[in-house]
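Both complexes shown next keep subunit A, but they swap its partner, so subunit B is in the first and subunit C is in the second.
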Partner chain A sequence: MSGYLRDVALLTRKDVLLELRARDAVPALLLFVVSALVVFHFALPADAAELAAKGMLWVAILFTALLGLGRAFQAERQQSMLDGLLLAPCDRSAIWLAKTLATIVFLGVAELVALPAFALFFSALDWETVAGIALANLGICAVGTLVAAMALASRARELLLPLLFLPLAIPIVVGGVGASVADDGGRYLGFLALYDAVFAIISWASFEYVVTE
Partner chain B sequence: MISARRLGKRFGRKRALDRVSFDLAKDGFLLVTGANGSGKTTLLRLCAGLAAATSGELEVRARREEIGYVGHEPLVYRELTALENLTLFARLYRVPAGEARVGMLLERFGLWEERGSRAGDFSRGMLQRLALCRALLHDPELLLLDEPYNALDARGAEVLDRELKDLAGARTFVVATHDPDRVSALATARLAFA
Partner chain C sequence: MWSRNNAVPALAAAAGLLVCASIALIFFWIPEDADQGISQKIFYFHVPIALTAYACFGWGALKAFLHLWRRPPGADLESYVAIHQGVIFGALTLITGSIWARASWGVWWAWSSEQLVLFLVLFLFYSAYFMLRFSVEPGPARANLCAVYALFGVVLIPISFLAIRLANDFIHPTVFTSQGPQMAGSMFFTFCVAWAAMLTLAAALYHIELAGKRLDVSLRELRERLA
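Take a look at the complex of A and B:
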């Protein structure tokens, strides 16, 4: 394994270990996404269209991800650990990649509970929706981790994160809802994959400049 | 090793550092003194590459893996044990024979018995000792120490005294402190902020 990938694996493992010990993110994500689906279940009329329910699913996923992103750098913020990582001789983009992977894992765990819950409350999910969610997770976490790092330095980080992230996430919602409800869902999956590739490269390349004071 | 010319750093309207110039030769020992808020920490952060100067020039002839830094925060994860923290950094810094080096430093700074305890359960003094272990882990060429004696008890301070004495002349130091008498015998250069 190259030095870069070894650093990414090391830092991802560290983030997962911190979560297992502190339980900062995953329980909050689980509670939020299930609560949101329960509320939507009672809020939507009994004869509501499947389209509306799918839309609600994407709303729940997006705001659950936002909650997770707000906690992505919690340890680094509370303990100034970003300095500790920036001092290390690893490529700074490895910090972004590791944090992105860890956030994907945490969001994925929440979705492992949320998707069956959605099927229980509303309707079964087709493969295009599941594939759309998997692709959306990549884009959400790639862009969101960069934005969370930008917000980290600000005192108004709780305000700044959604302000910066939500406009960037609109194409993900468009692609995800399109993949879930359109007849040619494959076209929207292609769009999501393109979004992921473009924004992952931009985030990977710009992380170093974002975290320098 | 370090050359600064009219170095300045502003945070918005606040001027944290203003036209600071100095040269520090390799293996030199720069003692930085000054009141709270005079710019000592900012200078060390600039030298460590954690911040960028807003004016002037700064040349630090050391790569990131050659710099050891102790700041106001211990820069260790509170949820990880002392051993896990140092092992993580030993791997990131590619320390040869990392396990042995980690064990030796924990022993030297009196933390071996506590190696399996989470850093979050440590006292402030123990965290400072762990921070010193982290900074010395990769045997850096340049050591940037911001108030290194902060929170250390008498035994911890003695260990640090011995460490600095052993390394002075073989490594380059920039030490910011409110207690200059402790290290003044080692200093080859001084910088006093008003």
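Take a look at the complex of A and C:
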């Protein structure tokens, strides 16, 4: 098992290192999420409730994640890098786990800027919202990475990813918005944790079939 | 002579008979609902169609699982056809549900109706399944992708159902509880006949479509061999 974890750590390190050197995903995500918040300010009427803004925060996070997921396999797309990875003597699910971890890191960095920006533009955030976002990141990236790998195999890559991903993400939005706006957020956090566990297990188990014949 | 070729017409005939029988029972035998009048009769179409759609999605996922596990030839096609039938019955569920909502609540769409919202989510999900299937070259890779996505579908059904239950708590503070009609014996019998009719109909359509698709595949293989 230590060999498995070492593979995951190495593959994650590769993705983070690529991002640190090329810097082509995270700055775009940051810019996108802040622009989206500004757009939402003008989309909401002046007397809109605080609750509506919190719903918008979840929309912003979901679409930022979608933008990041579209780029997740960018490096692998070029020069059949994915085939190279598949030839490496490691478990295929390690590739999925490493990609998921790297995507969580990128999305987390974007949120580190987006959440203070939201607090500045709209309203202060409570701990339930932050916990909900942390849990949602796991689910979004776990399912999203698998779906992005699926979309990669198709002709209509960029077009297909949102179509495949959004119906799967509806429960995340329900759990997240519930955690932010309901009086008893704990129930919704529990639901998000359940979603994460179920979909992480099925994605982990099925990734091999997505990338091999 | 009883051969495999007779099975599909027999199934289709059984489906036709059962559908006629259920229509006769629904409109001429069971009494009209005291509250909702004639509009309540759509219950005997809407619910059996919805349950049949679930059965189709479940069957498709089962075939998908078999494909990934044992790789029997044809499991991919069977999974696809089952999901195709599921989407057709799912669309019918949305239509009949919408008509029922109009008749009893005066609106064509009600977010408080958990069944309708769930079917909308599933309809979107499985429509994306077709988008995926038709934008990948046919072959073993496509069969794998579709099988994995179909498996995600059956996991999504209970999770979405739970999510919609939870969402109703903050979107509609007073949860709409559909008590449904108190099922008398005659109503339950009619409901069972209607459900059996829909399941047989789905099975007949499944086998007919499957036969057509298999014919397509063998025709293509023959053509490739000739070319």
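Quick note on the criterion: the second predicted complex is superposed on the first by the 211 of 213 C-alpha atoms of A that agree within 3 Å, B and C clash if a C-alpha of one lies under 4 Å from a C-alpha of the other, contacts with A are read in each partner's own complex, and residues count from 1 in each chain.
The rule is short, and it goes like this: contacts are C-beta pairs under 8 Å (C-beta built on N, C-alpha and C of every residue); 3 or more make two chains touch, one makes a residue touch a chain.
Since this is a predicted model, take the numbers as computed values, not measurements.
Legend: residue contacts after superposition of the two complexes on their common chain; A:V181 is shown touching subunit C, with no touch to subunit B. With both structures placed on the common chain, the touch criterion links A:R155 to subunit C but leaves subunit B unconnected.
When the two complexes are overlaid on their common chain A, residue A:S2 makes contact with neither subunit B nor subunit C.
Ranking subunit B and subunit C by residues of subunit A touched puts C first. In the overlay built on the shared chain, the residue A:P171 is in contact with subunit C alone; subunit B does not reach it. Once the two complexes are overlaid on the shared chain, A:T212 sits against subunit B and subunit C alike.
When the shared chain is aligned, subunit B comes close enough to touch A:S80, but subunit C does not. In the superposition on chain A, subunit A positions 212-213 are in contact with subunit B in one complex as well as with subunit C in the other.
Against subunit C, in their complex, subunit A makes its touches with residues 143, 146, 150-151, 153-156, 160, 163-164, 166-168, 170-171, 174-175, 177-178, 181-182, 187-188, 191, 194-195, 198-199, 202, 206, 209-210, 212-213. Only residues 45, 48-52, 63-65, 67, 69, 71-80, 84, 88-89, 91-94, 118, 134 of subunit B touch subunit A when the two sit together in their complex.
If you check the complex, the residues on subunit A that touch subunit B are 3, 6-7, 10, 14, 17-18, 21-22, 75, 78-81, 83-84, 86-90, 212-213. The touching residues of subunit C, counted against subunit A in their complex, run 68, 121-122, 124-125, 127-128, 131-132, 135-136, 139-142, 144-145, 147-149, 151-152, 155-156, 159-160, 162-164, 166-167, 169-170.
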